[in-house]
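Right, I'll just put the structure down here and ask away after.
Each chain gets a letter, A, B, C, D, E and F, in the order it is written, and its residues are counted from 1.
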Amino acid sequence: MRVNRPDEPSYAGGATFQKVPLALEARDLAGADVAFVGAPMDDLVTYRPGARFGPREIRFASDDGEPFMHNMELGVDPFDELNIVDHGDAVVTPGDAHASHRAIREAVDRVLAAGAVPIILGGDHSIAYPNLAAVASGYDTGSVAVVQFDTHADTATELGGLKWSHGTPFRHLVDDAIIPGERLVQVGLRGYWPYPEEFDWARSKGVRWHRMSEIFERGIDAVVDDVLAEITGAEHLFLSVDIDVLDPAFAPGTGTPEPGGMTSRELLRAVRRLTVERGFVGMDVVEVSPPYDHAGITAMAAHRVVCEALSGLAVNRRDGKPEPEKSN
Amino acid sequence: MRVNRPDEPSYAGGATFQKVPLALEARDLAGADVAFVGAPMDDLVTYRPGARFGPREIRFASDDGEPFMHNMELGVDPFDELNIVDHGDAVVTPGDAHASHRAIREAVDRVLAAGAVPIILGGDHSIAYPNLAAVASGYDTGSVAVVQFDTHADTATELGGLKWSHGTPFRHLVDDAIIPGERLVQVGLRGYWPYPEEFDWARSKGVRWHRMSEIFERGIDAVVDDVLAEITGAEHLFLSVDIDVLDPAFAPGTGTPEPGGMTSRELLRAVRRLTVERGFVGMDVVEVSPPYDHAGITAMAAHRVVCEALSGLAVNRRDGKPEPEKSN
Amino acid sequence: MRVNRPDEPSYAGGATFQKVPLALEARDLAGADVAFVGAPMDDLVTYRPGARFGPREIRFASDDGEPFMHNMELGVDPFDELNIVDHGDAVVTPGDAHASHRAIREAVDRVLAAGAVPIILGGDHSIAYPNLAAVASGYDTGSVAVVQFDTHADTATELGGLKWSHGTPFRHLVDDAIIPGERLVQVGLRGYWPYPEEFDWARSKGVRWHRMSEIFERGIDAVVDDVLAEITGAEHLFLSVDIDVLDPAFAPGTGTPEPGGMTSRELLRAVRRLTVERGFVGMDVVEVSPPYDHAGITAMAAHRVVCEALSGLAVNRRDGKPEPEKSN
Amino acid sequence: MRVNRPDEPSYAGGATFQKVPLALEARDLAGADVAFVGAPMDDLVTYRPGARFGPREIRFASDDGEPFMHNMELGVDPFDELNIVDHGDAVVTPGDAHASHRAIREAVDRVLAAGAVPIILGGDHSIAYPNLAAVASGYDTGSVAVVQFDTHADTATELGGLKWSHGTPFRHLVDDAIIPGERLVQVGLRGYWPYPEEFDWARSKGVRWHRMSEIFERGIDAVVDDVLAEITGAEHLFLSVDIDVLDPAFAPGTGTPEPGGMTSRELLRAVRRLTVERGFVGMDVVEVSPPYDHAGITAMAAHRVVCEALSGLAVNRRDGKPEPEKSN
Amino acid sequence: MRVNRPDEPSYAGGATFQKVPLALEARDLAGADVAFVGAPMDDLVTYRPGARFGPREIRFASDDGEPFMHNMELGVDPFDELNIVDHGDAVVTPGDAHASHRAIREAVDRVLAAGAVPIILGGDHSIAYPNLAAVASGYDTGSVAVVQFDTHADTATELGGLKWSHGTPFRHLVDDAIIPGERLVQVGLRGYWPYPEEFDWARSKGVRWHRMSEIFERGIDAVVDDVLAEITGAEHLFLSVDIDVLDPAFAPGTGTPEPGGMTSRELLRAVRRLTVERGFVGMDVVEVSPPYDHAGITAMAAHRVVCEALSGLAVNRRDGKPEPEKSN
Amino acid sequence: MRVNRPDEPSYAGGATFQKVPLALEARDLAGADVAFVGAPMDDLVTYRPGARFGPREIRFASDDGEPFMHNMELGVDPFDELNIVDHGDAVVTPGDAHASHRAIREAVDRVLAAGAVPIILGGDHSIAYPNLAAVASGYDTGSVAVVQFDTHADTATELGGLKWSHGTPFRHLVDDAIIPGERLVQVGLRGYWPYPEEFDWARSKGVRWHRMSEIFERGIDAVVDDVLAEITGAEHLFLSVDIDVLDPAFAPGTGTPEPGGMTSRELLRAVRRLTVERGFVGMDVVEVSPPYDHAGITAMAAHRVVCEALSGLAVNRRDGKPEPEKSN
């Protein structure tokens, strides 16, 4: 169902990602290739809150009034190739993280039941657990690989005594055997956390990671080559993008920024390559905190990460061959 | 058509004023008592632009996730008493003010054709012309009175050589005999404009106005008493609220702020009284410029002006008697 | 224990309210007349978070580098008359509101055990429950009256299915017989909440309230006269100040701002008069959300509310007679 | 010399207050009635700096592209009645307050030598000393009265060991016999400073002041009546307006904001009345700190204070009779 | 004509770029090598407005109070080598883009008539049409090459039905044979626009472009080598710099930001090399939108782009040999 | 002395860098390896002030509530290896730069007397003089090398006639023979200052520098190699980091930002390498101006520069061998 009028400017109308049709009811999802789910919760952050306003701002972070797009690096319009809808926001309950996780899980399940690829707009990173639990449940164990772009490994057993936190989802996903450790690849780690215990656990589980210094030394392309190799064995790909993987210059509007991060062009390039080569069965983009953003640039970066992933998926389903626009 | 889910937080979902149903098509307007129209244009401002983002931010400026409300001064829930829908935004064309005015006029006409009261969210104040031209066309000449809350009289014949401007609509409305001068009452004028020529014209046409100093000296209640007397002869009321009537402390997010203005509680009180006593056949709220706002307080003030008007209309249609919530 | 050096500028050093000594351990509280407790939690808000950063910013919102002060309306220096210390922040757990409430309760209990008056800096308004439960436990039932400055009554039984919320503390305080309904007086209510059910409950319990319109019509002095009469029967006074009682112009940095509120000078004047006349046995100042503040003006308003209360307490303990500074 | 083109929008061109001619050289001042001097220094503030950017922002805080104006309360265009020029900024030296004071003094002296009324745009309030020293030197001792709108008395002998500070000018002006104590009237004092010593000194010198509470209780008009009576004996009037006399809601962009202050309409009204009745021989507007401002509202308030003073001066020189624009 | 005083700090005085003399009248332009023209219009943007405030902020974006400068990469002071003046702003008419274009054209024509190189400070990118139409008219057809740094190709035939827009100037410049397609080289294209139609047209016309991915893969130096080769045949160079070619991290204050862009050092380096090697006969810097800027960093980037171009021009006219400052 | 409670969130409590113990008195410094000194002065800046608020914001710029840290590039927790305390802020006097310099010198002297390494948090860069004068006095002449990360050389003899300024410390340090010219290495110079005179002086003194273009062309690693070679002869290293060496995208909150600068990851990497290899005997981090910062990203960058230096020092004192966390 279109909730916007043709030809309106980007800032007219509202509500859906890039003004795709709203598919609020489960039945509206029929036939969709991709469906968005908003997860406006930030109950489980440990520092700056605000990510509950993330889905709204990411959806609006476009200067285009229509679901048209021409990716000049890939030569594709994902809105043309794919049937993309917006399933609205999960009915979260502020102050009750568990109820919110359940609501998010149910929304993602509805998308999966319709055969569509879910793209979940966070919200804090704790939602990776319900997101991946939902997605992985539809596939053979170990067939889903996760590439996590993130400053922080998010592999604590607990933070402040809390098992469920934005700093713990990947520990529990692995320990609960939802995602085998060897199927988890982390890109962009930096800073002063986690502690040795978490790194030791990760090594024992076969988790792979690429610190920022590796990206600095070898370049993002070489690191993506490695990531592609590391996920070769898995049939499916899930992308989990914590926007704080970007340097605060590129993403000030996030809960736990860490200087020294990726540039936007590195992240967009990496997502483009991964999705062109592997497509994806699910994705989340998290930790956009609008109260700390400026001129919407963080929401915009998150929006474009999604656009690159959609474009990559479209190419992957077409013939896997980018057709960049070149001059003579 | 509901575009939101029950029980979601205010910041989930989106698109409509206070989450009323979206009525995008003309046929969806059937049965509506009130319908919102967004007019996201700012082409005709002379100083700070940005009002094109006004409709979006006004719609969202609520901490309530449902179209429920209990006005404690009036003892009424307008969403309960009235069938209120959102007709979305007029399909304006940035850079083409005339096309935008036409689109706004058409949207308001659709609302009127459905027998609903239009509330237009601006946008710059130039839209008062199409708004009032549409509304007045349905009634006998002179039967519609306009109460304009505004810092500026907006009665120039032209500004910078332009006949159509946010500083001219009320001149043309009167000169074009759409609104007789005696049916126009301006509240909140202050500052250093217009010039004597405009004041002379206004006096010659029978326009009445109340400068800020009068509100300061006599109090808003006394001024509203006068306004009610001044519009006694008219059958219908149209409210045109330029948010810059508020002092910049209360409304920094506007195009031509002027220190020394009304407080929010004066404006809300005035709108409440006028609408309780007279109801209204149309309303616009204009000149909210989000790029200059802080923490959304200007959009919030505009949103509450609408809420008071809706509440007043509901009481007016009920029995005209406020039932304030009092303790024993 | 002083944690600052004499003669440093306000922006040097840090940590305590107006640079009073830090009394981190229970034993350090001995001899204190007043002790601050920070309650940096915002887990139970329903709209904009950020109040977890409130205590830090309120403490720093001073241009004075020393705990000296001369209240020119009262002719008193509370830091001279009273032994005031800062007990630091309760060890809250982000994401676990119940643990945080327990930690706040314990911190307030330590202050009370030392015979000092607690001033709790929030944090969201849910903390009124542990705060008042702690304070009331030391006095005969019904001997503590609460004057609550607030936009919202905060008397829901639950919000979004949650019993504990920033919108429910006063319902439970009354229903749990911690504060009898007749001992609760609310000042500044406005807007579109609560619903009739809550107002009916409040009337049935004998709660008294003063809407903003009453302040507008009669003036704050007349309303304070009434409030003083309404709490005559109670031996002790607790002040609960939700900073959103101020208009967003004066306090943009709060979670659920509502246009049409009090001015700073009305609030400071009311707090001054109440505390001069009645002193107080406890106080909280809540809902300062720094991410939405500008130039620290909201934190500053909260800081000054505390300064007026401290000054009033000092005069109340001296001889109850203000000695304003007058020129000849 | 015009440095702007006719008919340009307000945001085109630049440099002078309301686009009056630039009179950079002493000789250019010949024939001027009023001349602006910028004093971009903030070396002597004790808290938030930034006022060095005040003159620039105050000059630009207009939505009008021409030096035309019609004051609707007074019925006058000061730019029509008076020859107003802008003498540019004093060549201050950042880091050397004494050199800056000298440069400011010299610039004001040049204006006075040309027979024009100086309006100095600060800058921190320490500049009141050179400003008034210059102005008073041209008149009989005691013939110049000063009305100071300010939160703070600025009558310390020293602050942090420094004799010259933004908190001391009026002490030294009186103690140095430049302005007799009985010729100094302060309006808007509030908060927790100065200390009893300063108040005692002020009483001993015959200084008069009006605290904010007096304005609250009696209204600004009654206070202005008193002020007019208090300065009756003096032949000439100098206005010193510290923008922090306004509440932070109206003037967040200042160095030492203090909640509980004046509203813009009170200040504009007071300045209007004083200048209509008495004219003025000099004026400064100080402590606008743009880095802490939002949407320019503080600079705008300062700009309008000047506009009211200019308008009042024009009426005073005309016939002293306001001719407000009234409807029939 | 100097409108500033020697030795004043950067924030004193005002009005001209880097405080060069103001040359407001055509006759004042005599002898100038370079002259600035402000083009404060944003009527033809499709998303965020605000660029009308660009010229003012770019002019002020300097921490230097004098037109002195020592470019340490080139060993040159352009203000020493060249006679640089500021022709002020074109007298644009807000709301009338065509009148504004005419005014801009006339101002640029005046500069050209005086034999000076025009540097136009925008304003939205639609002004490239009058700018280039003016510049190209003075040279043989095809002798002027344009290097356009931009995210967007700006080669639509129309946007929203409007031929004149900030998204169309280069289409019309080529189609109107003002700039042959082979003389247009675009650098920095990225994102999801234009559509295949525009790319096909561009190829058919011989336009060359360099996408961001090419800069990422080959480095800016290699791309500049290519650009230099591509413009070899043209006698003259015009630079058109849309500040949105920078990543939003470096230029948040622009109308249609697009993540994944150039860094400031890449852009400054590219401009430096191009101008050293080729000099230039005209330049515009556009789309700086101050309402969306933070701490002036976007205006500052635009200001430095101009400084590098001026420095490059000075070296080009000297002997073409950079003399970087090196340590022993 | 701990001034914080264990397990509190980062935003609870306050006052010290990363919540290390406060060592306010000289005797509290006994046994410390490293001690922080705040230098909250900005009296000697020439453009944007605000750095007086730098120390407070840098100290708080952490999302960690405890002095624990695990540097994943180095495999070390400096808070575990080193005894780190915070000596609070020097008692500066706003408006009296010389008194402030003395106070800073005394505070650094106290740290040095205790045998600890001082890390001074500025404040403007003028403090490099007292800082280095103090540090160098404890070692043989010429045994201390200084690596200065900075946009500006800060080697003027005077600015605006002032010998002491944030633009002069390194001139006087060399001319006063505190630091021999050959022991000063500058990294990151760019822009349009200093002038040839300063460069000539620097060459004559044997100062070495690395312009940004060198970092761009050769990479930061090659430049750090050179720097290490250039300081080989010196026994000790002092690091002076002016945060404006970063591009404004990464550090908007500084007094004299200059586009075209370093990225955070380059700076952190350079500091890490230098300190691992050479340790350091003193460090300052200066020119963080919070009023111009956004979301605290500049303060955060400064905080992390310190964290990298502390980590490097810990490794240097351990065995000099980084143990990066790698996956299998």
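We take it that a residue touches a chain if its C-beta (ideal position, glycine included) is under 8 Å from a C-beta of that chain, and two chains touch if they have at least 3 such contacts.
Just so we're clear, the structure is a prediction, and the values are computed from it rather than from any experiment.
> Using C-alpha centroids, which chain lies at the maximum separation from chain A?
Farthest by centroid: D.
> Quick check for the class: compute each chain's Cα centroid; which one is farthest from the centroid of chain F?
When every chain centre is compared against chain F, the largest gap points to B.
> Per the centroid of Cα atoms for each chain, what is the distance between chain C and chain D, given in Å?
Centre-to-centre distance between chain C and chain D: 37 Å.
> Nearest whole angstrom, what separates the Cα centre of chain B from the Cα centre of chain E?
41
> Centroid of chain A to centroid of chain D, CA atoms only: how many Å?
55
> Which positions in chain C touch two or more other chains at once?
7, 9, 11, 46-48, 52-53, 93-94, 160, 247, 249-250, 263, 292, 294
> Which pairs of chains touch each other?
All touching pairs, sorted by chain label, are A-B, A-C, A-E, A-F, B-C, B-D, B-E, C-D, C-F, D-E, D-F, E-F.
> Can you list the chain A residues touching chain B in their complex?
The contact residues of chain A facing chain B are 1-9, 11-15, 22, 24, 38, 40, 52-53, 55-56, 59-60, 88-94.
> Given the complex with chain D, which residues does chain F contribute to the contact?
42-50, 52, 93-97, 99, 159-162, 164-165, 291-292
> Mind pulling up the chain C residues that touch chain D in the complex?
Residues in contact with chain D: 7, 9-11, 63-64, 68-73, 75, 247, 249-250, 263-265, 268-269, 294-295, 297, 300-301, 304, 307, 324-325, 327-328.
> Applying the document's contact rule, which stretches of chain F touch chain E when the two form their complex?
46-48, 160, 189-196, 199, 202-203, 206-209, 211-213, 216, 247-250, 252-253, 256-261, 263, 292-294
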